[in-house]
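For clarity, chains are labelled A, B, C and D in written order, and residue numbers in each chain start from 1.
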Amino acid sequence: MNRTKIARLMLALGGVLTTAAFFMTFFWANASTFPDGRIDFGQKIFYFHVPVAEASFLVFFFTAFYGVKFLMTKDRRFDTRAKIATEVTLLFVLLTMATGILWTKVAWGVWWLWEPRLTTYFILTLLVIAYFVLRNSVEDEERRAVYASAFGILAFIDAPISFFITRWAESVHPVVLAGGEGSGLETPMLITFIVAQVGMLMLGYAFYEMRLHEEEIKERLEALKVTVGG
Amino acid sequence: MQDIYSQVMPQAPYVVVAYGLIWVGLIGYVALVFSRLKKIEKEISVVESAVKRREKSE
Amino acid sequence: MASASWRQFKAILRKDLVMEMRTHEMITSMGLYAILTMVVYQIALTEAGEALDVRLVMPGLIWVAFIFMSLLGLNRSFVHEKDQGCIDALLLSPVDRPVIFFAKFSGNLLFLLAVEVLSLPVFAFLFLQGREGISNPIWLLGVVMLAASVGISGVGTLLATMTVNTSGKDILLAVVFVPLMYPLLRAAVGATFAAVIGGPGSIETFWSWMAWVAGFDVIMLLVAFGLYEFVIGA
Amino acid sequence: MGETPLTGNALEVRGLTRAFGARKALDKVDFDLPEGAFLSIFGPNGAGKTTLVKILTTLLNPSAGSVRVCGLDVVTDAVELRHKIGLISHNPLLYADLTAEENLLFFAEMYGIPDAEERVRELLESVELDHRRLDLTRTFSRGMLQRLSIARALLHRPDILFLDEPYSGLDPHAMDILDTLIAQIRGEHTFVMISHDLSKGLELCSHALILANGKVVMFDERDAIDEAAFRETYRATVGMGVA
């Protein structure tokens, strides 16, 4: 089975799992309640907001990983991979921001709050955007690849800071999955979350492979054109 | 039942919009990539057949 | 070998200092920028009047001035290397690339610190007269300024080396630099605030923020140092 | 000058390829150049001339193949090799806000030259700039800058000199001076020159090389070259697409 087929399979599976998680969210997972017993319907956003956010961290790791590999080998394919990983990160980061803002409004009554998690995640968004701004302003292909790799590595340092900030600093952002008192989920909730998370990661992988496939065809096209032109 | 609706209703729009955005984002991205893939696959088949024709004529 | 690197380090640093003494390009533009920022602050704060305790916002305001000021200096610092292709002549000479990094970094750090030290008294003179001064010993401010400027210059030197080769370099440096600097700036403002406002426990708060600054400095300098060879050769 | 291992060859280029993705700036370039020779490299824009010189001067690494300059490998012995090469470009590579003397002293420090002041004075005299040594190079004319940049390139007594279109932008008088200077140092060094000017390049060289699309189209000794045929080959390469 070749990579394209695996990617298609992952896309299908990811689609099925996320759709299943979507229905589980509304028809199976326990309704979360406020301390006073009222139903917290806004909590439903959690089942997709968190998986997308975690996926964005994970995919962004590959930006740095392939950045390092590129700098060590100067092989253009690694730069292409880093670029695609960052592109998928951008998609996930934007979805995280959008759902996050909506949840903030539901839970805290405001659209935005400058609290540590939100702030660092906002910075992460800016870094991912800056990565593409940087790429677009370098003319020479190889130089572009080197600069983008270097910046990707630097930018990734911010990702763990954003991830762990709720554990380090005083933050009102909930830490659901870290254990500790009052956190934790009931079984149907946890299963729904896990299904959504796995589905989202599969989608991320599928997106990455599909884009890679596209870039590889582009490169083949370019190579063909060079041979025809020469 | 009435009670549950009154609790859920004010929060519902935000949840609906959130899931709407997620689905539009994910499906839109897939559609975008697929349409680009189609276009580029067409382009490469054109170039490839041109290369073959040239090789034959040489 | 080590002595050769030291000699080359001194040569590059001295050259940058001599050229700066001659043209005053960086110091003047950064200094003027600092003064102008203060004029703008006056406008921004004027309606709040006496009700506002300036000391509460001062730590943030000075770091806003410093970060944008540093952008100006960093942008200039590679222009004369690029102007007549001097960077090629430098790279052609038998010098280890990290030496270039440390020399440029030291130069940038010196210029930044010089303008910071000059503009801080002006700030105090314009905004803090007739108000309570700085609660904790003033040398604490020196500690934050030094430590944060190390991080700013280190990452800034690496990024400026990149952006000098790009189109739209001035704005690009800001776009890539400011978000990367966020953790450092946040901690620097925290430490400065603790130093200025004082009160019980402020010294501990100061040092815990300083631990953040120091951690950022160490990590970022190591990464920047490791990446420099790739970036300058590209 | 230096203690070069006696391979007899100043340049040994084997299968040199420089590629990024599908694009090949240099494609399996092979040639040898004996010591003391004067090589002129011709080729249209985008042929790979600048890339070739950048690799020979250790500024870029090859993607494949091996390159030895003065018997030293350009990748593994880069730092040692840099002591043996000098570059004169169409860009002066000088700091505009330093004086002529400061410029040379700075580079002398970078190379670790003993008795730097003595050496700098001697060089400034030989390029006839000793009267302007305390002036900023910002105030220099194009020709003066080029003379000073020759002095800079010769500071560390390199074995091999690279000339990257040194004549471009020079007025006839400055060209004459450059001719004289090259003639003076001709015997002591190996030369590699990139040139757009066929007549000038052929007049000076002992070996000629034509690059097009990153490939060597022609490489021969000057004496073996029929000038008319050479011009024809060169003209044909200019028509070849810039890939």
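Assume a contact is a pair of C-beta atoms (placed from the backbone, for glycine too) under 8 Å apart; a residue touches a chain by one contact, two chains touch by 3 or more.
The shown structure was predicted, so the numbers you read here are calculated from the model rather than taken from an experiment.
Peer 1: Shared touching chains for chain B and chain C?
Peer 2: Under the touch definition, chain B and chain C have A as mutual neighbours.
Peer 1: If you average all the Cα positions, which chain's own average lands nearest?
Peer 2: Per-chain C-alpha centroids ranked by distance to the global centroid put C first.
Peer 1: Computing the C-alpha centre of each chain, which chain sits at the greatest distance from chain D?
Peer 2: In terms of C-alpha centroids, the chain at the greatest distance from chain D is B.
Peer 1: List the centre-to-centre spacing of chain A and chain C in whole Å, with centres computed as mean CA coordinates.
Peer 2: 32
Peer 1: Averaging over Cα atoms per chain, report the distance between chain C and chain D in Å.
Peer 2: 39
Peer 1: Between chain A and chain B, what is the gap in Å from one C-alpha centre to the other?
Peer 2: Distance between chain centres, rounded to whole Å: 17 Å.
Peer 1: Rounded to the nearest whole Å, what is the centre-to-centre distance of chain A and chain D, using the mean of the C-alpha atoms as each centre?
Peer 2: Each chain reduced to its C-alpha mean, chain A and chain D end up 50 Å apart.
Peer 1: Where in chain A do residues touch two or more of the other chains?
Peer 2: 142
Peer 1: Multi-chain contacts in chain D: which residues touch at least two other chains?
Peer 2: In chain D, no residue touches two or more other chains.
Peer 1: Let me make sure I understand the interfaces: which chain pairs count as touching?
Peer 2: Chain-chain contacts present: A-B, A-C, A-D, C-D.
Peer 1: For chain D, which residues are in contact with chain C within the complex?
Peer 2: Interface residues on chain D, with respect to chain C: 57-60, 79-80, 82-83, 85, 87, 89, 91-98, 102, 106-107, 109-112, 136, 152.
Peer 1: Which residues of chain A touch chain C in their complex?
Peer 2: 71, 119-120, 123, 126-127, 130, 133-134, 137-139, 142-143, 146-147, 149-151, 153-155, 157-158, 161
Peer 1: Report the residues of chain C in contact with chain A in the complex, numbered from low to high.
Peer 2: Per the stated touch rule, the residues are 155, 158-159, 162, 165-169, 172, 175-176, 179-180, 182-183, 219-220, 223-224, 227, 230-231, 234.
Peer 1: Using the touch rule from the top, collect the residues of chain B that touch chain A in their complex.
Peer 2: Touch residues, chain B against chain A: 4, 7-8, 11-12, 14-15, 17-19, 21-22, 25-26, 29-30, 33-34, 36-37, 40-41, 43-44, 47-48, 50-51, 54.
Peer 1: For the complex, give me every residue of chain A touching chain B.
Peer 2: So the residues of chain A touching chain B come out as 11, 18, 22, 38-42, 44-45, 48-49, 52, 91, 94-95, 98-99, 102-103, 105-106, 203, 207, 210-211, 213-214, 217-218, 220-221, 224-225, 227-228.
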